[in-house]
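Structures given as structure tokens follow.
Consider the two complexes below, in which chain A is the common component and chain B and chain C are the respective partners.
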Partner chain A sequence: MNITKHNCLLCGNNIKRPVTLSFILSFRPYVPPIVCNQCLNQFIKINPKQICKKCGRSGTFDHYECHDCIKWSKHSKMSFKNRSLYQYNQAMSDFMHQYKFAGNYHLRNVFKNEFSLQLVQMKEVVVVPIPITPDTMKTRGFNQVIGLLSGIEYMDALATNDRKKETPQSHLNRHERLKMQQPFYVKEQFKSKIKNKKIILVDDIYTTGTTIRLAASLIYKYKAQSVNGFTFAR
Partner chain B sequence: MMIKKANELYGRQISANLIDSKQIDQDLILKRSPIKVMDDFIICKRCGQKSPKQIAELPLHNFYCPKCINLGRISTLNQLWTIKEPNYFNTFQKDPMTWDGKLTKPQLKCSLQVIKVFKKNLHHLLWAVTGAGKTEMLFNGINWGLKHQKRIAIASPRIDVCMELYPRLQAAFKGIDITLLHGHQKKPYQYCQMTICTTHQLLRFYHAFDILIIDEVDSFPFVHNQQLHYAASNAIKQQAALLYLTATPNPELLRLIHHHQMTMSYLPIRYHGHLLPEITLHIAPRWRNKIKHHQLPRLMISLLKNKIKVSQRFLLFVPHISDLKPVSKLISKLIDPKKFATVYSSDEKRLEKVQMMRQHQFQFLITTTILERGVTFPNIDVIILGADDEIFSTSSLVQIAGRVGRNSDRPFGDVDFICHSNSKNVTAAIKQIKHLNYLGGKLIEHH
Partner chain C sequence: MILSCLLLIFWLIRIYLLKQPHFFVQNVLIAAAFLCLCLFNFNRLEHQSVVINHKQMQVQIYPDDIQYDGDYYHGRGWSDGLNQHLIISGYAKNDDDLNQIKQTNHVSGTWLVNADVSPIKSPTNVNQFNASRFYQSQNISNQVKINQMIQFKPDHSLIAMIHNLRFKMMQSMDQLPHPLNLYGLSLILGSMNNDFNSELTGIKQLGLIHLFSISGLHVYYIVNMLELFFIYLRMKREDYRLLIMALLPVYFVIAGSSIGLLRSILMVETILTTKFLKINLNPLDVWSITLLINLFLYPQMLIQFGCQLSYALSFGLIFTNHFSFLKQTALMNLIGLPIIIYHIYQWHLLTMFANLLILPLFSILIFPMVIIGCSVGLFIPIVGQIIAQILQFFDAFVNLIGNLPGNIMFGKLNIYITLILFLITFSIIAVQRKFKILFLIMLYAVSFLSIHFPFNGEVSYFDVGQGDSFLVREPFNKTITLIDTGGKITFGNQPQTNHYQADGISINYLHSIGIDWIDNLCISHQDADHCGDLPAFLSEMKVKRLFIPLGMVNNQHFMNRIDPYINKTKIIQVKANDHINGLPFDIVHPFVQGLGNNHDSMVLNGYFGGLKWLFMGDLDQAGENDIIQKMPNLRTDVLKVGHHGSNTSSSNEFLNAVQPKIAIISAGRNNRYHHPNPETIVKIKQRHMIEYNTQTNGMITYRYFNHYGSWHPFIKNSN
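Moving on, here comes the complex of A and B:
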């Protein structure tokens, strides 16, 4: 028996979820599904046991860290680790396009709870989301990172410098990205609040790591105890 | 792509963030708020659909419409801009129509009716049987509209119908610019007197057209889709002609006619003057069980063998994609597998196989409803296995039967339905074809 008449948010097909006797007897609350299993199976979670211990990239590596992280450690001695929830594959790229660039804010509900649950499990940390420019806010109408936080207290400590974004970041190549200048500053009222805190920087996608590392180096200037990153996709 | 010219906004509704506002005289522009915010829900002014607030909400009390987001998001962050359609078109010294083909008498009668519909701004349904030559009957009307500075659109729910219409109209009206719009179109929009588009594209127009023709109104996704019906009514001017074309009107359309909200004309006879091939019904109880036990129904085997013996080409329809494999496996035991192929919607070689069927490299195709309309093979028969399955609506069944006998060389042919039991849709399809043939028969007697 199917009691649901819900359509999948991603593919639009009807979601068939049979109601079984064991479900009824479990007395769990009925949560209507929003995405079908076929779509959900296309997203691949990163296995926390098989990653680069520094940047959270999935895979097995000969050393403790991956090739890119060895390069990074030559540049700076900053202590920074990142973890990510999902692999950035074609399905995730399509999802991000719909959510972020097409601006379908409702799609945050697909991953919001799962992403936030991971953050809740980190103890004694202060969550700081990566901000977007005022121009982006005007056209997009939302910060895609904050959209993924549900019921999480966060400190909106960062803001973007008042430089015009000439080309969107997603159009830059790796080399151009690595040359990027500090795009952020810490808002006046939060400067004193960072001291001795364990900060978790949260972003949607980790590509080269430049953005999140620039933000981390800025926060270390205000005497944070530690700064690490957590991103939705890697 | 930013809009830079004022004429690209004539009769359109575009979100202001896509318009280069410095290049366009602001006094011309009609600016509307794109979303009406109510207590618990919002109403989108582009697609006319309601959405609950919790789904449509953006931070800071802004809202967007999730229902038409595929055509680019509209939200309370940006206004919807329009310039009133001014009908700035060329005047013609002589007829813009370059088509010099001939219409049959019944076709001519319908085409005069089409002109009357356009002149008087009526809402009208033209019910012409499959293979009646609908497109040709429009040419005189379009000719009249072009001469009288009317802005014209021909829309269809199906992209392949649009793609087929475009070259035909371009050939019939040489020298007239036509815009072709659909989801995969790479060319930027251009302001033209004539537009051919999918019904989804109508969502971008606002009080633009004096004449709107919608082909295959009874097909997916237009049928039962409130959003697209709203788009059509919003794309035409308050005083405009709306012409629906179909071979198989659904009950909703017929109800409108019954309530005198629309007028209708019939063309119950094909362009070659012959009647529609009628359906032969065969009952094969529990055929699905038989196939599970690796057996074809006996009457189906004899049907297939007869067709192979006389080298008759045909299409075999099955209800579901999952039926293709077992059925084709069983048939390949009887018939050389090189003689046929299976075709379904997401088949990568779909176009290739259809082309090979056209070139007589296959004797038959086993397929699903995707080949029910738009595709024409000369001199074929059809068989439907499981015509009583709910996937075949009455209009699908009539359309499939209408694949047969379209060519004047062989204006007849066999239509065989194989069912587990008789169903409502099958009975209605048989009745509809009989009724049309009755009307067609009277027409033949007249002349």
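Moving on, here comes the complex of A and C:
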């Protein structure tokens, strides 16, 4: 009987998820539930039909482009689209806090399969995760983006410039973020491998889009065929 | 056997693909333990078969387990000596004897009897009810025939007292006005005719199949009522739950210990136990545990129709609860359908409607009324009378619907097809897709057509004991001809009962191949072993034409017997050389008018599947002589030997003239006439004929296509 007895990773309550008939009649493996439906329902998925065509933000917009993206297109002509899985709401904020800053690495299990499944469905792309600084790596112990990849082949092509990060990015305000300098460089051995590839940059959160766009512009320099983004939350 | 292996493999693959190694190992270990248990049980059942003749033995009998049918009584009992349950039967010698038995069987006790013990007989006809297997699933393998009762010693144990109580309740409930008494007996005490056939007839009627599975309903009723009562007494919840757990087994005995009851009581007990232990289980867990306990008690129980239906429906109930009432009812009917068709071969179109309309009526109105009627009605007769009136009205209503046309005689489904239908149905419940529903309908349609338009034809000799009954079915069911019906010969002043053995043998077989009509019913002559079960055919099947030998309409005895049942059937008298359209036979005998005695027997000659066939009835040697005189060119391949192989038939001259190659003897095992006569057997052996005998072969079938066919005796010759 204990096959059906699990506690929710987020709220700690016992998960009651009855076995369904379609599950019994199928040959699917048993995946132990990780979070309860109540917690899961607090996260809101982005409906791919109602988004900004550029940055993947949820909502309906004139000309299918959001305010930010119109601004971006004034700055640069770079072709870059982003898509995201979940809306960045309070529940997601709390989750990220637990996952990234409290260092609950096992929380990646909540979403990793769902997130990776989306990536698997994109064909002929090379997945490049956004890296973290060595300092962060020392304190956190893991890259939260790579943690969300399960069974996905990725190219760890990017690294952070060797400069001390005075303030964590999450502590910067919007204006400061937008003024950021290129924080990344492409590792030597990957420089040739990027050429003519369709690159998908993967990050955990898309806030202003500065980080991922900086990375995209860097990769375009090495003659990638296309560069687009996929983030977990937006 | 193959089926169960397939299911086992299927299950193993399924749980392996769960990819939970611990779970897999646990399950396989539990399954292995169950397998050992089953093998152990099988072995024990095999070894408990015994044959004892005329021996004194002690049998413990509860009064409510015995039923009377005229001077015949039967039921079940327990033997300490043999350490097993037994089926009991016996005949009272006269009225005094019967009264004495009834008087004795008033309270529980141990009977010292002189009796014969033998294993329960296996069926000898295709698709006949397997009593041996049915009782084995209840761990019973022997029957006791009581010859004489010697001594009685009452039993005062607790269980005996409960049985005494149930018997008293049965008696007092029987005094209530009709039909309240019947409703009370069946719904509250679960006392329908316990004989195995009634396992089916109760639900054969207008698909009140649910009544069968909701026999669990009264358990929930009783539990709820008890809870309310204890709450009124201000008892603590933990206390009264324990009390209910203790009382339910008593109720199980009182309410008749049926399968559906066992299921629902086990379910309630499981729920209460888990509540007591503060374990949280979902309904599926409860269902599974109940099934495990049930199989632990009776490993073979799932071969029973009622058990299959009860568990399938309660399983379906768990997964259809979120649908609307209408949809749930429809799906529940769909779940039961393959099982019902597999076991009873037919289904009424209005079942669904009846379940929708009658079932709610039943649980809200009828059941509470019966409870009130049977408790209050005992003391205040007027209450009972009013409720009986309402029930009568309800009865008339149900019968009205039941008599509407719409019964589909489907025929027996192939077991694998049944399983596929069952799985598709559940898969539809899980995820509805148009193509699945279409496939389900197609599969039903294809099965129906293949049963109703078979490419092959058949000539079958039923094993009806001492008597004749043969079926000739042409390919594509072009004509269905039955020669004689079989029947029991009654002696002296034994009362005529409405119980026909044809119901369980030939009619059952015809239903199982999807046939509910007979084009030509030929009665060779008037003896009861040839036409005794004719009323059963006339009343239960559409008989288009009834052929009798010329002059038998003047036989008042015969005509009186069939008169009430004749309805739209055309009676046609025949004599030799008559040609009748649609009858695939030539008539060879009688030449002159008679009253339907042995020497007037109708003799039929036909050609099927490359062979010539002759059916002799009980014609004597003089009649045979007439035939070879008047038809010197008559030859045959298959001879139904006249008069069950008696030496009054089958003269050497006749056998030499018609030159049969295959002889069929239709006679009862250990019959009192010692048919077939050794002289006849010698004649058959001398001519090197192939011999089939219903005594040893059971039902004998020749299945043919075009001019070729093959013999399929139900029991193959051992030599």
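In this section, the second predicted complex is superposed on the first by the 222 of 234 C-alpha atoms of A that agree within 3 Å, B and C clash if a C-alpha of one lies under 4 Å from a C-alpha of the other, contacts with A are read in each partner's own complex, and residues count from 1 in each chain.
Just so it is clear, a residue touches a chain if its C-beta (ideal position, glycine included) is under 8 Å from a C-beta of that chain, and two chains touch if they have at least 3 such contacts.
This one's a predicted model, so the numbers in the text were calculated from it and none came from an experiment.
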First (chain B), second (chain C), both or neither touched by A:Y105: first
Partner contacting more residues of chain A (chain B vs chain C): C
Partner chain(s) touched by A:F142 [first = chain B, second = chain C, both, neither]: first
Residue ranges of chain A in contact with chain C within the complex: 1, 3-4, 14, 16, 18-22, 24-25, 27-30
Chain B - residues contacting chain A, complex: 17, 55-60, 62, 64, 66, 69, 72-73, 75, 77
Touching residues (chain side chain A, partner chain B) in the complex: 102-106, 138-139, 141-143, 146
Chain A partner contacts - residues on chain C that touch it in the complex: 13-14, 17-20, 23, 280-285, 319, 423, 426-427, 429-431
